[in-house]
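So that you can tell them apart, the chains are marked A, B, C, D and E in the order they are listed, and the count of residues begins at 1 in each.
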């Protein structure tokens, strides 16, 4: 049995991944979803996880720095930022000009301090010199999924979220979204790490699954869920 | 004129007791309710006050209907202009003695009656005391003062003087009677004390097991010694000079009884044939 | 033999009152505490029971020291083998009448005393009743039964019969005395009722404002009518036949007084010169 | 430097919530204490319901309720021009709903423990039910009122899930101390988190100490 | 299909927490009710402290305390071979700490409202303090005990922050219903979340209804 800590927004891609993996290896794999930051705190304090699949690059890096990983973490996929509104009369545009409009009262972003999609959104707003103008409209979600709740329930008129949210699962087809120019923000790279705990557990299978995360079959699944893989 | 007829089943664990009382009380009268423990005296007061609803019957006070089961009318206790002295006092622990009494007054009423009542009940020195720091008798006096402060037209007293010492009791009985007369109150008193009832009341209503027995004058009701100059008492002790010390109610008499063969605890009847009366106080 | 000397400053809002009582009480005696409201009677009982600590002094019961401020010894109430009847009864609302009384017994003690006590206090029919459903007098009887059930060696009674009607009171006084004798109790009773004190007690301790006044026999203490065959009373009414109805304590006498000019409410003294005594009950 | 605005906001939110709940809960508890019918028992059970759900979930349902996509939210927006999410008012409403049981329960149990003759005595003195409540009943259940106030206040200070969900973490508007601490912990800024938590604990501790000392004095006056 | 194990886990956690707190809080409240010294007031204030911090933050501090990386946690691990983080025992300890005020406060205010002569009467009948507490005092503050039980139980059912932090969302072990609902909401599985929330609400509602009806009956017996 393996226990894998998974960033909340990756859990559905991960379920499919596990299903795929189980076609050749029947080992039971428990998925523990959570915010990447919280999972990191927990790993540092003794959580029994074999593998950590983060939504960013920094948390696994931090764990590696503190010697909680068996080897340096590796990037497995890259997230894409979209601008999304669930209101039928709002049509998001790539130039972001509409954010200045009077009909846009609140713009949801993920917390730039802790969530990579949040810092990417902040970066792009600054780059377009819009940040100061819209700063008072910004409402912050704790995670990318909470941010998406704000948008999906139309409490926020519009907001920045991950492509994986709008192309798969429950929010698919709701409202309008547009993919932002990937060159306008630093890549949202997501890494995974093989954790030291695996050594006491089932290191062979853990490594097998860890390697599977970087296989071609896995890449196809990431693509399907809205990530790009280099 | 109070015209009442009250029926209620009192739920008691060993069965139910039917309370059933019909009586007419003249306005301005002082009426005592007398009966054994559990006879329903407190319950009747509570129905008069409006705290408890009778199952059927009516209460008419002068021309006003306070309660009528047929017309489904029930006047709230607030509207009844009553004063109530509770058996457990029911003083307000959050207020001191003076505030408990003033609470009965409306905002703009003059406060001097409070000072007056503190005086009358001997509570002036205790005016700023918290209720919990008072002795039992002191609490009872506060309860009495509070019930009177509103100058109610009907005063309901549930054993208001039971915890009070004799001297104070005499004095408060006098006060009660004074107040009863001064404000032309109709007063209904629950008491176990014959002396108190005789002194204070115009009529006695006798209850037995929830039922009305009779309504009569206290003199007739307690008038067992009425026919002749007879006293009954108990021999407490016999002294060496041939005297018997006899307890008659609250007092002791020394009777010369040379030669008789009385013993301690004998119950005796004394018949007087010759006596002189001297006026002590007019 | 109880040897006590108790000092305590009682905090009262209008100043402090020094309680100071020294007395010796023979084992097996029936002692009454008498004094005005607020004199400190309840406080003394509470110190004897161990609920309240004196500032200084001692309590010695036979050879045991219950309290000694110098030796800093203080026996817990549980160890004192006392029975206490509280002025507010302090019955346990969560138990019915029988359970309140049985609570006094240890697990393995036989329960028949409970049945006996229920009988004696006239509560047999109410045995399964919740406390809150009892009338005031009924509650007082439960409190008394509960205090006696443990067969304490000292019984402390804080106005145990004040809310009880006359018939039941007579009966319970008799019971109290019986129990007092049967179990060789030392009993200390707080009461305002002279008749009760005279009937029951061997000595009276008189308190005034917290200070010990005297310790004497009830006959001497209440013996103001002792010297001669004199009675004082109040004229309640005068009838057309020339009789005066006179209230003497709890009873009424009809005295033929033709020609005198007595009025209602006159206080009179009756001096008898001739009387006959008849034995009613031995 | 530490940003103090989350602390002020927390204080404002907690005080307002406590005050509003105090005012709401007294008549509610009084009504519940008064009778015996099944309807009142049901209401009493409903009052406790907010406790059972995780705060974030309550927050989520409130998010749905307040949403302009739904009847209630769009009614608010169109007719009153109010948007409750991401506003202090919204937070306040959510806190009030969420903390309701903490105020109602203690007051209710206080009222039920009073002797009924207190109430009757006041009625017999001609006082209305309202006067009886405010001048006689409430002053005599001070320990229960205190319990209600302390539980409500402290609970709102520490409340987090609901606030996070419908507040939107807007600095100076909906970013309360609890959220700030949470953020700092999440960002591994332990020092800042500790400072916030320390201030919160110290201030609350002092407030409670003062309240309890006062309450103890009151009760001592009762028995010396 | 709905996974029922989070519901069972929640029930187990809530019942255990309530039971443990009931046992702890009675002597604690009794001790607090007994005196007047400043030390007791300080303890009383400390009891309320868990309320003031956001649950996740308490969870975080407990995580640090229990962590094998720290003194206490490593002592537990080395000497007793216990690891509290990510285990049911750890969850239980955390819940007990966090819910302490919900049980202590109502019991304390119940005990302070009893007439002191009840206690004295029991002593005079030779009963020890403990017998007095269990047979006389507690049976007479049933509404307060009920309040404590209801608040604690319901609060533990809804508890989320602490559990998430030190429990770690492990299926069947520490994944309680509140976390499950949170996850489902997070994943936009509104239907599943609604089902969980619905079950939680319905079950709690029924439990409360039964408790209140019973309590009301008790009180009616008092005054008919």
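What we mean here is this: contacts are C-beta pairs under 8 Å (C-beta built on N, C-alpha and C of every residue); 3 or more make two chains touch, one makes a residue touch a chain.
On a predicted model such as this, the values are computed, not experimentally measured, just so you know.
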Any chain in contact with chain A as well as chain B: D
Numbering shared by both copies at the chain E-chain D contact, with half separating same from different: same
Length of the line joining the C-alpha centres of chain C and chain E, rounded to whole Å: 49
Chain centre separation (chain A, chain C; CA means) in Å: 84
Averaged-CA centre spacing for the pair chain D and chain A, given as whole angstrom: 36
Whole-Å separation of chain centres (CA-atom averages), chain D against chain E: 19
Multi-partner residues of chain D (at least 2 other chains): 60, 182, 185, 223-224
Numbers and ranges of chain A residues touching at least 2 other chains: 38, 41, 146, 149
Multi-chain contact residues (two or more partners), chain C: 11, 88, 130, 133
Chain pairs in mutual contact under the definition given at the outset: A-D, A-E, B-C, B-D, C-E, D-E
Sites on chain C touched by chain E in the complex: 46, 49-51, 76-78, 80-84, 86, 88, 90-95, 103-104, 106, 130, 132-133, 146-147, 150
Chain A residues touching chain D - in the complex, by the definition given at the top: 35, 37-38, 41, 62, 86, 105-106, 108, 111, 113-114, 138-142, 146, 149-150, 153-156
In the complex, chain E residues that touch chain A: 60, 63-64, 66-69, 73, 83, 85-86, 164-165, 168-171, 183, 185-190
Residue numbers on chain E that touch chain D, as the complex places them: 36, 38, 41-42, 44-46, 48-49, 51-57, 60-61, 101-102, 105-106, 108-110, 112-113, 116, 141, 143-144, 146-147, 150-151, 154-155, 157-161, 178-179, 181-182, 185, 193, 197, 200-201, 204-205, 208-209, 212-213, 216, 219-220, 223
Residues on chain A engaged by chain E in the complex (per definition of touch): 3, 8, 11-12, 30, 32-34, 38, 41-42, 44-48, 143, 145-146, 148-149, 152, 169-171
